[in-house]
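A, B and C label the chains in the order they appear, each numbered from 1.
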Amino acid sequence: MADDTRRRRVAQAAAGVASLRAGLDRAAAGREMHALASELFPICRSITGAGLRETLDILGRRIPLERHRVASGTRVFDWTVPQEWNVREAWIRGPDGERVVDFARCNLHLVNYSEPRHERMSLEALRPHLHTLPDRPHWTPYRTSYYQRTWGFCLPHARAERLAEGEYEVYIDASLEDGHLDWAELVLPGESGEEFLFSCHACHPSLANDNLSSLAVATHLADLLRRARRRYTYRFLFIPGTIGAIAWLAANEERTGAIRHGLVLACLGDPGPFTWKRSRRGDRAIDRIVEFVLRTSGRKWETRPFTPYGYDERQYGSPGFDLPVGRLTRTPNGEYPEYHTSADDLSLIRPEALAESLDALLRIVEVAEGDRVYVNTQPKCEPQLGRRGLYGALGGLPDPGARQLAMLWVLNLSDGRHSLLDIAERAELSFDLVRETAELLEAHGLVRPA
Amino acid sequence: MADDTRRRRVAQAAAGVASLRAGLDRAAAGREMHALASELFPICRSITGAGLRETLDILGRRIPLERHRVASGTRVFDWTVPQEWNVREAWIRGPDGERVVDFARCNLHLVNYSEPRHERMSLEALRPHLHTLPDRPHWTPYRTSYYQRTWGFCLPHARAERLAEGEYEVYIDASLEDGHLDWAELVLPGESGEEFLFSCHACHPSLANDNLSSLAVATHLADLLRRARRRYTYRFLFIPGTIGAIAWLAANEERTGAIRHGLVLACLGDPGPFTWKRSRRGDRAIDRIVEFVLRTSGRKWETRPFTPYGYDERQYGSPGFDLPVGRLTRTPNGEYPEYHTSADDLSLIRPEALAESLDALLRIVEVAEGDRVYVNTQPKCEPQLGRRGLYGALGGLPDPGARQLAMLWVLNLSDGRHSLLDIAERAELSFDLVRETAELLEAHGLVRPA
Amino acid sequence: MADDTRRRRVAQAAAGVASLRAGLDRAAAGREMHALASELFPICRSITGAGLRETLDILGRRIPLERHRVASGTRVFDWTVPQEWNVREAWIRGPDGERVVDFARCNLHLVNYSEPRHERMSLEALRPHLHTLPDRPHWTPYRTSYYQRTWGFCLPHARAERLAEGEYEVYIDASLEDGHLDWAELVLPGESGEEFLFSCHACHPSLANDNLSSLAVATHLADLLRRARRRYTYRFLFIPGTIGAIAWLAANEERTGAIRHGLVLACLGDPGPFTWKRSRRGDRAIDRIVEFVLRTSGRKWETRPFTPYGYDERQYGSPGFDLPVGRLTRTPNGEYPEYHTSADDLSLIRPEALAESLDALLRIVEVAEGDRVYVNTQPKCEPQLGRRGLYGALGGLPDPGARQLAMLWVLNLSDGRHSLLDIAERAELSFDLVRETAELLEAHGLVRPA
C-alpha cells in the first residue's frame, strides 16, 4: 500500500516535469534568462572575491541557495585555496596623459588576479605585460594568472599597435589577501536519495556565453524543478572553475557515490548546435539519455568522447572519482571565435537559444525521471491482455497498432535487464508512449518496478 | 568402445540427413505437399472444434501423431481455455431473398468464433457486423473474435457497397460449448536428449500460405526424419496459435530446458525470399545455423531481429521462457497483400516453393546435426599429418589445397571453444568439407568430440 | 631507492633503443645485410645437415650464438627428428652425354632430401621425377620431400620440354644417415624476465627473400640490441622450419610462459608493403604495437588475421601453446611470383628494403620497451601542475598545447587499465610525446609504474 503510493507519486513526478515543460512560456523564459545574464554581465568575477559573492547573491534572489566557503590556505586535495583577489581600480595612462585602458570600462582589460602595482615605465618595459589578439585586432582577450603572481593588461591589438613611445603610468589598486573561496548550491530533495548534479562555473568576468548563459539557464531550471515532484534529488552547483569543483569534491567526497547522473553546463546561449561531451566512461545512463533526447529533438547536435580538457568535467571525471558526469554546451569552448574575448558579450547570447537550452534540459530531466527498469510479473507467455480491455477485441488484423506493440515490447523486455529507454530504442517507439504503456501495465499489475 | 560406437553412429546420423536430402525428389515432394494443403483447405479450422480435429486426423494419417487435449475452462498461465466453437450453417439473406454471403461457400465469411444468431434487422443495424477491405474490394478478409462474444460476417467490399436497403435475415447456427482445446505432436527420439522443436499453428481456416503451407512442409519433414538416424530428438507441434502454444508450454514447462534449437514455421509456400526472424536473444546456435544455411544457399533471404509480435515465437520468446526459437517464413505475416484474406488461396502457394522450403529445413537439420565442438588431442604443435597419409608428400608448393587447409583449421581451432560451424565461417571453407575433415581427423585420433 | 634506480634504468633502456634507431646509418646497414645474404646464398641448406651448420657458423661470427642440437630419431611431440641429409654431387646426364641439370650449378635442382641414386633410365621413367613450372618456363622450382623417401630434380620447364628420347643417367651422391637437427639462439637478458621472441627459419637453400633476408635483418637487429639497455629479454631463434620450431618448443616448453611478445620474421627483403599477420588471438599487445608502428610509419602496410598456414607461427599458434606471436613479412609467402623458385635470388632483395625492415623492427622494439601501464598517484581531481612548473602560468588561452594535453591524458587514463599506447591512441597524440610525458610526471611523483 505504502509501496503503491510511492509508485503512483513517482509516476506523477515524471508527468510533472513533462507538464512543466509543456506549460513553459519559452519566449518569456528566454527573455528572463537574458535579463538575468545582463544583470550579471558588468560584475568583475574571479575564482574568489566580492564579484563572485555578488553574483551568488543575485542568483540567490531567484532560488534559495545555500552558501559555502573555504578559507584561503586550505588544502583541497593537491591544491591550496588561494588568497582573495579584489580590485578597485586599474588603468594605464599614456605619455599624453590619456588612459590607454581602464578596468572601469571593461573588466577584461585587467589580467585576472593581477597583483597591485603603481609605477611608471617605458613602453618597452610595459609591452610584456600587454596581451592582445593579433588575428582579432579589435577584441580584448580574457587572461588569468591565478597561481603565479604577476600583472598584466589586455587590450585590442589595434590599440596596442598605436601606442607611442614614452613613459606610461600603470595603476592597479587591487588586493590579494587571505579570505575565502565561495560557492553556492541548491539541493532539491527527491523520492530517491540518488542525485542528479548540475554544475556551472561562475568565475568568469564579463563573458556572456561563457558562462552567464549557463548560470541563467541553470537558475531557471532549478526554479522550475522546485515546483515539480521529483524522483531524483537535484543538486545545482554554482562554483568557481577548477578550484571550486576541487574544493566541493574535497568537502563532499562521501556524497559523490549518490550521483547517478550529472551535467556540467556551459556556453548555452549561442545559436550553435548542441554538443554532448560524454562522461569519462562514455556509456553511462546519462550518456544514453542525453543522446536519446538530442537525437529525437529534431535539433542539430553532435556528440564527442570525453577528453580531460575543458571545464569541470575534468575534475568529476578524474580517475579517482570517475563520475557519470558529461557536459552539455552549444558551441564548445575554444570553437567559436568570440570565446574568451570581449566579443563574448550580451549580443552573442540569444533569448531563443537560452530557451531552447532550457527546454532540452527539461526533456533530459523528464526522460531521466521516467526511465526505469520494470519486471514482468507474469513472464511465462504473454498475459491475456484482451480480458483486461488492453488489447483490441477483433483479431486477424495485419497491424496491431503502436500502443499494442508497446505493450508487447514492455512485457517482453521487462526482464530486469532493460530500462524503458532501452525498450524505446529497441522497439523504435517513442519514449513517452513506452513510459505511459509501462505505467498502464503497472496499474494492471502486469509489471512492477525492478 | 561404447563411446566409439556412439561417435560413429552420430557421424552416420549426420550423413543420413545429408543423404535424405540428396535423395529427395523435389518435384514429387512439392506436388505431395501441395496436395496435402489442398485436402486441408476447405476445412473450417479455429482454435478449437471439429475442423481442428479433422485437420489433425488428416496429418495423423501421414505421420504417427500423438494427440493431446485440455478441457475448456482450464487455466493455462494467465489464460483460460475457451469453449469449443462449431458451426453448421451461417448466412445473411437480403431483402430480395438471395443469400448475400454463405459460410458454405467460404468459411472466411463468418467471423471466427461468432456466437449463434437468428434475427431480422435493417441494413443500418447489420452494417457494424460486416467486415470488408475497401482497398481490396474483391477480397474477403479473415477476422476472429475468440475472447469477446460477438458475431460478424466478412465479405468483399464491392458486394457490401451494393447492398440494398431493406430487411436482412442473419442466420448463424453455431455452438459455443464446453469441450476441448486439441493439439498433436510427434516426437522422434535421437541419440541425445536435447531437442529440436518445430512448431506450426493449425488454427487458420481456408488460408493456404498461412498456414497450410507449413503444416504440409512440417509433415513431410517429420516423415523424412523418421527414417534418419538422429542426434537430436525432434519434436513437431501442430497447435492452435497463441492459446495452443501457451497450453503446450503450461503442460511441458519442465521439458523446455531440453530445447536446444527451435523453429516456428509459417508462410512457407509463397515464392518470396526466406526470412529468418531471430530468437529473442539473437545469438543462439539456431540463429548461427539458419543464417549460415540461408547465406550459403544461393537463394534470396533476409534476417530480422526478434520482435514480440508475430506467431508463437511470442510465447517461446516470452521472458520467462526465452527459448532458442526463431521463426522461418518466406514473405512474413502482414507483408504480402493476400495475407489474412480470401486471396491467400491454393494458387498463392507453389509446389516448387514448398519443395524449396523443405530443402532449406533439411539443410538446417543437416548442419545442426553435424555441428559440434571437437578437441585437438595433440594440441602442442601440429601433429605430423604426413606420416598418417593425410598430407601431401611433396613440400614447397605455394598452395596447400582446401582439404589440407581444412585439416590445419580444424586442428588449430579445436580448442573446445569453436564449433565446426565457427571454423567453417572463420576459415571461409565449406561446412561439409570442415565436417568431413573433422570426421577424418577423429578417425585418426587427432580430435575427439568435446 | 632500488626501485627508483630500476625505473630510471628502464626509462634509459627505451631511450637507448630510440637513440640506436636515430643513430642508424641505414644505407650502410642495408649494404651489410645484403652482403650477409650474398655470403649465405650459395650454401645448400636443408632442415638438417652441413649447409645448415655452415649457415649458423657464419651468423655466429656476427653475434654470439648458442648452438643446440637434437639427435635423429628423437621424438619431439608428435614428430620424430629425421636423419641428416647431406649432398656431395647430383646431376642428370642426357643421351648426348651433356649434364641436363647439375646440383653444382644451383642447389634448387635437386629435390631437397632426395635419397642417393645412381642408375640409367628412359626419359619416360625419368619424367615423374622432374619438377617444373609450366607457367614460368625459365625458372626452377624449389621442392622438398623431408618425410617421404623419394628423389627428384627441378628444372626450367623450357629445358624439360626439349629433352630428347634416349637413356639418361641419374646420379645423386647424397647421404641420409643418423645425425642431428641443429639450431642456434641468442638470448639478450633484460631487466625483466619477460621475453620478446624473434624466430627465423634457416632451412631454405638458395632462396634470397625466403629467408636469407630475415636471417640478415634479425642478425643485424640482434647485434644492435646487444648494445642497448633492455627492459625485455630478447631471444633470437635461427631454426629449421616446422621441425625446428617443434623441437625448440619441445625442449623449451616451460619457458614459453615468459614470452610476452613474439615475431616470426620472413621475406623482409623485397620492396613490397609490410604485412602483419596477427597472433592467433589477434588482440595481443604485440598486435597493437605492430599495427600502431606500421600505421604511424607513413609506409604502405596491411594486416591479416591469423591462419594456421604459413611459417612457424603455425607451431607457436597451435592451440596448446597459443603464444602472442605474429608474423612480419613484406610480400607474404605464395603472393609474389618468385616465391619458392630460382627467381627468388639476390636481385629480388634490396639493401634499402632490408634497411627499412630493420628500422620497422627497431621501432617495434622501441614502442614495446616504452609501453607500460602507469598509475596516477593523486587520482582525485587533477594535481596542481602549475606549482610544479609543469603547466603554463597564463590562463584563458583557447588551446593548451600538445604537451599539456599529454599530461592531462596521462593523468586521467593512468588508472591501471590503460597503457601508454592506449593513451596515445585514445588521445591521438604521438606515442613518444606520451611516453616522455609519463616519464616527466613520474619524475614529479605524479604517476608510478603499475
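Assume a residue touches a chain if its C-beta (ideal position, glycine included) is under 8 Å from a C-beta of that chain, and two chains touch if they have at least 3 such contacts.
On a predicted model such as this, the values are computed, not experimentally measured, just so you know.
Q: If each chain is a node and each touching pair an edge, is that a line, ring, star, complete or other?
A: Topology of the interface graph: complete, with all chain pairs in contact.
Q: Angle of the rotation mapping subunit A onto its copy subunit C, from a C-alpha fit, rounded to a multiple of 5 degrees, please.
A: Superposing the C-alpha atoms of subunit A on subunit C needs a rotation of 120 degrees.
Q: Please work out the Cα centroid separation of subunit B and subunit C, and write it as a whole number of Å.
A: Result: the chain centres lie 55 Å from each other.
Q: List, in ascending order, every residue of subunit C touching at least 2 other chains.
A: Residues of subunit C never touch two or more of the other chains.
Q: Would you pull the subunit A residues touching subunit B in the complex into a rising list?
A: 376, 378-384, 386-387, 393-400, 405, 408-409, 411-415, 427
Q: Where on subunit B is subunit A touching in the complex?
A: 77-80, 112, 141-148, 150, 242, 245-246, 249-250, 253, 280, 307-309, 314-315, 317-322, 333-334, 339-340
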